[in-house]
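Here come two complexes built around subunit A, the first alongside subunit B, the second alongside subunit C.
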Partner chain A sequence: MTELAEGEARPLIEKTGSRRPTGLLLVAVPVLLMAWLIIWPIFNAFARTVWRPDADGDYGFNLSSYVFFFSDQYSINNLTITLWTTGMCALLLLVICLPIAIYLRFSHGRLPAYVQALAIFPMFVPSIILAYAFIRVLGPNGMVDILLNSVGLPKIRTPYLTPWGPVIGLVWDNIPLTVLILLAGLGSVSNQAIEAARDVGARRLQVFWYIILPRISNSVLVAISFAVLGIFSSFTLPYLLGPASPEMMGPFMNRTFREVNDPLNAITQAVITFCFCIAFGLFYVRSVARNQGK
Partner chain B sequence: MSTLAPSRPRTDWTGIVFAALLSAAIVFPLLVVGTWAFTEVWRYPNVIPQQFGLRFWGQTLGRPDVWGSLMLSLQLSTVVTLLSAAICLPAAYAFARMDFPGRTFLFFSFLAGHAFPKFGLLIAIAAIFLQLNLIGTFWGVVLIQLVGTLLFMIWIPVAAFQSVDRRMEEAARDVGAGPFRVFWSVTLPQAGPTIAAAVLLSFVGTFYETEGAWLIGAPGIRTMPVLMISFINNQMVIQFGAVLSVMLWVPSFIALMFARRVIGGGAFARGFGA
Partner chain C sequence: MKRRTFMMSAAGAAAGMAILPRMSFAAEGVIDWYTSSDSNILDFWTNIVKPAFEAAHPGVTINLVDAGDGAGIIAISERAMAAKQTNTDPQADFFESADPLLPAGAIEAGIFVNIKEAGLSNYSKLNPAGIQSDYSLPYRGSQVLLAYDTTKLDPADAPKSWDDLVTWIKANPGQFVYNRPDKGGSGGNFVRRAIHQANGLDPSMFTVDNYTQEFGDETLGKAWELLKDIAPSLYDNGAYSSGNTQSIQLLSQGVVTMVPVWSDQVLQAIDQGVLPDTTGLVQLQDLALVGGFTRSVVLETGTNRDAALQLADFMLSEEIQSAILTELGGFPGVSWDHIDPELRERFADIVPQSIPTFPGGAWEAAINDGWYRNVAPNVDRNS
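Take a look at the complex of A and B:
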């Protein structure tokens, strides 16, 4: 909040008294829009699923849609596959992006610039094009099969329409942000600290474990939170690349809402995804706010 | 250009490995799609297509549903971006320069939209739109996509306004320029490029927005990405999807060129809380 604080320290030019209502007026439309289309739907979703009419039409506290969700084996399977996919993606993202980010932080030149450009590139590939490319490359008789066949190797067991399909797609999609967040975090690791550790004989792994990791643990958590929030209720990639059953929460909610035409259970599923992600959401907001406040 | 440094003669094997792996994982799939778009015949065991050609471009572009979706997507993106700019830029200016009660709280409240799983939020919004009869309408999709642009269109311009040199504004006022003159001649030229990048990002982001359009827009509103989903699902002619991908990628490429300055600075990652 350096800039904000700076603004407050300049009462001479701000003439706060006269501007007070103007500022609120200028921000009113986006704030109201957000209140109407984000805050209100969330509260409404909670309220509507716990306080609703029973069979006789009397309004009352009613948790039956939640009871149904957690007693329905199909719903449980969908939740499990969602948790598995999210966890697997978070793990793979860390394993892939942490080495890339560390490499980019400590090298200079054209090759690292190329690596960085590639790592950020998926940000500019819409996920719908990614889904199509995935099918053409890893799908049945895709490019990988063609290449394997040409050198006399057997075909792969395609991940298309298996739980690994969404995992591969979502990891691909989330690499840029994860690398950027980790790279920003690595900016706080000083070269001197590394050199000092090296001078006293620390090996690479020790440097990573004792010097780098403690300094970027917050960025790692932010990166994971961001990935989890995006992946847990992702829709397009699981819908196009994943199995029809069990399906992830995104396609599940979509189907309940549109095809089964059952808004109540769809909202219940939405509230359950909110509850599973609430910790990550709070952590995300806290770190962004703290970061902006620096 | 630090490559000139003579102190690093050894080969950067780590870099070569990363570059090779990332090229295989990121560039290769897109090259395959690009090849399909210009292929007329490519049967399975052949490594290289039997026949190249532009036949399927004609066929894809000749489909009325493709044109309808393209026009609809452009229309939607334009309306959403203009509305977003109209409501967000004044708000961004207020957040950056004015003092009013609740400023910090309201500023951070825009994070709320990103702190919840997106599709769950969309379902909650869709349930409200269902009662308002906004499902399947143009304005329903406009609203849902407009909300998606708020954070970007406020936070990036706020940073832009804050980075404007206040002393220049004060100097302009000292020599008698009115507030609008100061804004037009001093503030805007300095903040302009970043704001333009934000506007462009919001246009492109809206163009590719799939989930809101899919959930709120169906069945009446079929944007380009929604059409593409049905092309993939129905396993139509392979080349249709490839041609659409190549076409669809053009706006993204333009965004890539423009957004490099915004994203390069690390300010972008900071915006995500790194």
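Take a look at the complex of A and C:
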């Protein structure tokens, strides 16, 4: 009792230099795991592609696998289709998910609950099931063709085995995460701000452009970088729904490693993929850091 | 504070236990078995081979493990090579399907049993066409055939030679599809048949160790020309399905009229109703489409080496070889003389007199890479 009475009240967040490293200890396990399983392999992969033995077995600095990648039209085509798919998916995700998120944020009642459940649903569908469902529905002589045929319309040009196949699948797969992040961001838009804008005569588009968008730009950035990171290195959907050539980086790396038995070029492709992903990742880190600074 | 400390140490201990390497030892009398094959093979082993073997060999059981694919088996082989250096237990005894040449140096490292000299009582029954190495046991085979929809193509008009097939494909654009050669053997062996076609129909030209860059470029280059020639007449102006199953799916949806298929897979598909009874099967008569044997490998350093060899011998017994025909729809690994005459009669239609094969090794990588670079692009899909 006396000891407590003598000391001053302990602050909620300790600021003294003598605080115990409890917090650091708690994060130590995940950080060490990440360093061991993710960061170390990255440096290892990079080092193995640039510092390797030449024909005589002497180790030295060697960029030839990167020169090969960027001078090989086939590899460039694969990188281009990956960038195109990623960009197209990001665009479509925004166009589809923003209206859903705004609707869910500003409406009440039963219907929005169902819409939300529907929007989150893809999260619980494994992508391999999605791919086969896609083939049954949008594939050649699939359900859509059967329905069109029954009312006397011509068949659709199926996106199966074309670059649009993976785009449709990946967009569907990424809707839940994007909607959830955007919805969380829309939470910071206060009803009062919108009512105030309406009071001074702002139209819907103006409210969206001047009131909502500036407040959620960070969430948009986060949502897009999350989606893009996953899409850039996706494997299952491009593998099952995409064309044989050009192929996205995920199937390309896997094929080079396993089927062509060429680990060096596979690792080179992985390092290049990683460099693109880290650029997207930096967007995310920067926007989070900016948020924390506020 | 006390509770927090307790929680921390508990969490730390749990995390520590999770990341500790799990120590386990192979048990005596339990054969650790791995496969890289499809689930129909795993089912065959689970339902037929395992009960029969365990009944015949009391005290020995088989632990069936799916290694995923070829790369999964190679990873376990690499582990066995590392284990051999420290004289530890590789925890693997039997690979249902493996190439003893991979990973490189495995035979020299002494991790695989020389099956030819292991004294198997049934070894002499093996079909000589299947033997590729003394270290592997070709216990079953299957072959690629052409499956077609008899409602659209009269069996009397079904192509019987490569030239007929090409003529038919060009006369019926969009009605034929084969899968990417690395994604499944049906398309892969269709591509290999094109290689045979381009090089004088002589399978003996290609051996497991005669690949060189120049020879490969010359022989494969001619085949790429053949395949590029038919590409615009394929399904969707040159699309290639992404696996054996996807080809069968396109056939079953009535999108295409003809696809190359594995004999065992198509027989099962017809049996299970995935494909209708109106599905016809035809084999090219000038030179059959390439088939392949599945070869098992026994690990020299495994705890249950001897039991695994008993299993290898058991696989060549008449009981199992007949079951491969009747239950699996595959071909036996033993010569036809060692098959029940009644079965020989029953399966005469789908079983060819000869099974052309194509070597793996360096050829495989060259084909997989060359096809993607030369055949898969170069098509204007929108035209």
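Quick note on the criterion: the second predicted complex is superposed on the first by the 249 of 294 C-alpha atoms of A that agree within 3 Å, B and C clash if a C-alpha of one lies under 4 Å from a C-alpha of the other, contacts with A are read in each partner's own complex, and residues count from 1 in each chain.
The definition used in the following text is that a contact is a pair of C-beta atoms (placed from the backbone, for glycine too) under 8 Å apart; a residue touches a chain by one contact, two chains touch by 3 or more.
Nothing here was measured: the structure is a model prediction, and the numbers come from that model.
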After superposing on the shared chain, does subunit C or subunit B touch more subunit A residues? B
After the superposition on A, what does A:C277 contact: first (subunit B), second (subunit C), both or neither? first
Looking at the overlay, does A:V29 come into contact with subunit B only (first), subunit C only (second), both, or neither? both
Classify the contacts of A:V222 with the two partner chains as first (subunit B alone), second (subunit C alone), both, or neither. first
With the two structures laid over each other on chain A, which partner does A:D262 touch: subunit B (first), subunit C (second), both, or neither? second
After lining up the shared chain so the two structures overlap, which partner does A:I135 touch, if you call subunit B first and subunit C second: first, second, both or neither? both
Just subunit B (first), just subunit C (second), both, or neither: which does A:A90 touch? neither
Check whether A:P246 is in contact with subunit B, with subunit C, with both or with neither, and answer first, second, both or neither. second
For A:Y114, decide between first (touching subunit B), second (touching subunit C), both and neither. first
Considering only the touch criterion stated at the top, classify A:I39 as touching first (subunit B), second (subunit C), both, or neither. first
Subunit A positions touched by subunit B in one structure and by subunit C in the second: 22, 26, 29, 33, 135, 141-142, 239-240, 257-258
Quick check on the complex: what are the subunit A residues that touch subunit B? 1, 3-4, 7-8, 10, 13-14, 16, 19-24, 26-27, 29-31, 33-34, 37-42, 44-45, 48, 99-100, 103, 107-112, 114-115, 118-137, 141-143, 145-147, 149-150, 172, 177, 180-185, 187, 219, 222-223, 226, 229-230, 232-236, 239-240, 249-250, 253-254, 257-258, 263, 266-267, 269-271, 273-274, 277, 281-282, 284-285, 287-289, 291-292
Name, in rising order, each residue of subunit C that touches subunit A in their complex. 4, 8, 12, 15, 19, 69-71, 180, 182, 236, 239-242, 246, 249-250, 253-255, 364-365, 368-369, 372-373, 376-377, 381
Under the touch definition given earlier, write down the residues of subunit A that touch subunit C in their complex. 22, 25-26, 29, 33, 74, 77, 135, 139-142, 158, 161-162, 239-240, 242-247, 255, 257-262
Please give the residue numbers of subunit B that touch subunit A in the complex, ascending. 2-3, 5, 8, 12, 14-16, 18-19, 22-23, 25-30, 32-33, 36, 44-47, 87-88, 90-91, 93-104, 106, 108-121, 123-128, 130, 143-144, 146-147, 150, 154, 162, 166, 170, 173, 208, 210-211, 214-215, 218, 225, 228-229, 232-233, 238, 241-242, 245, 248-249, 252-253, 255-256, 259, 263, 266, 268-274
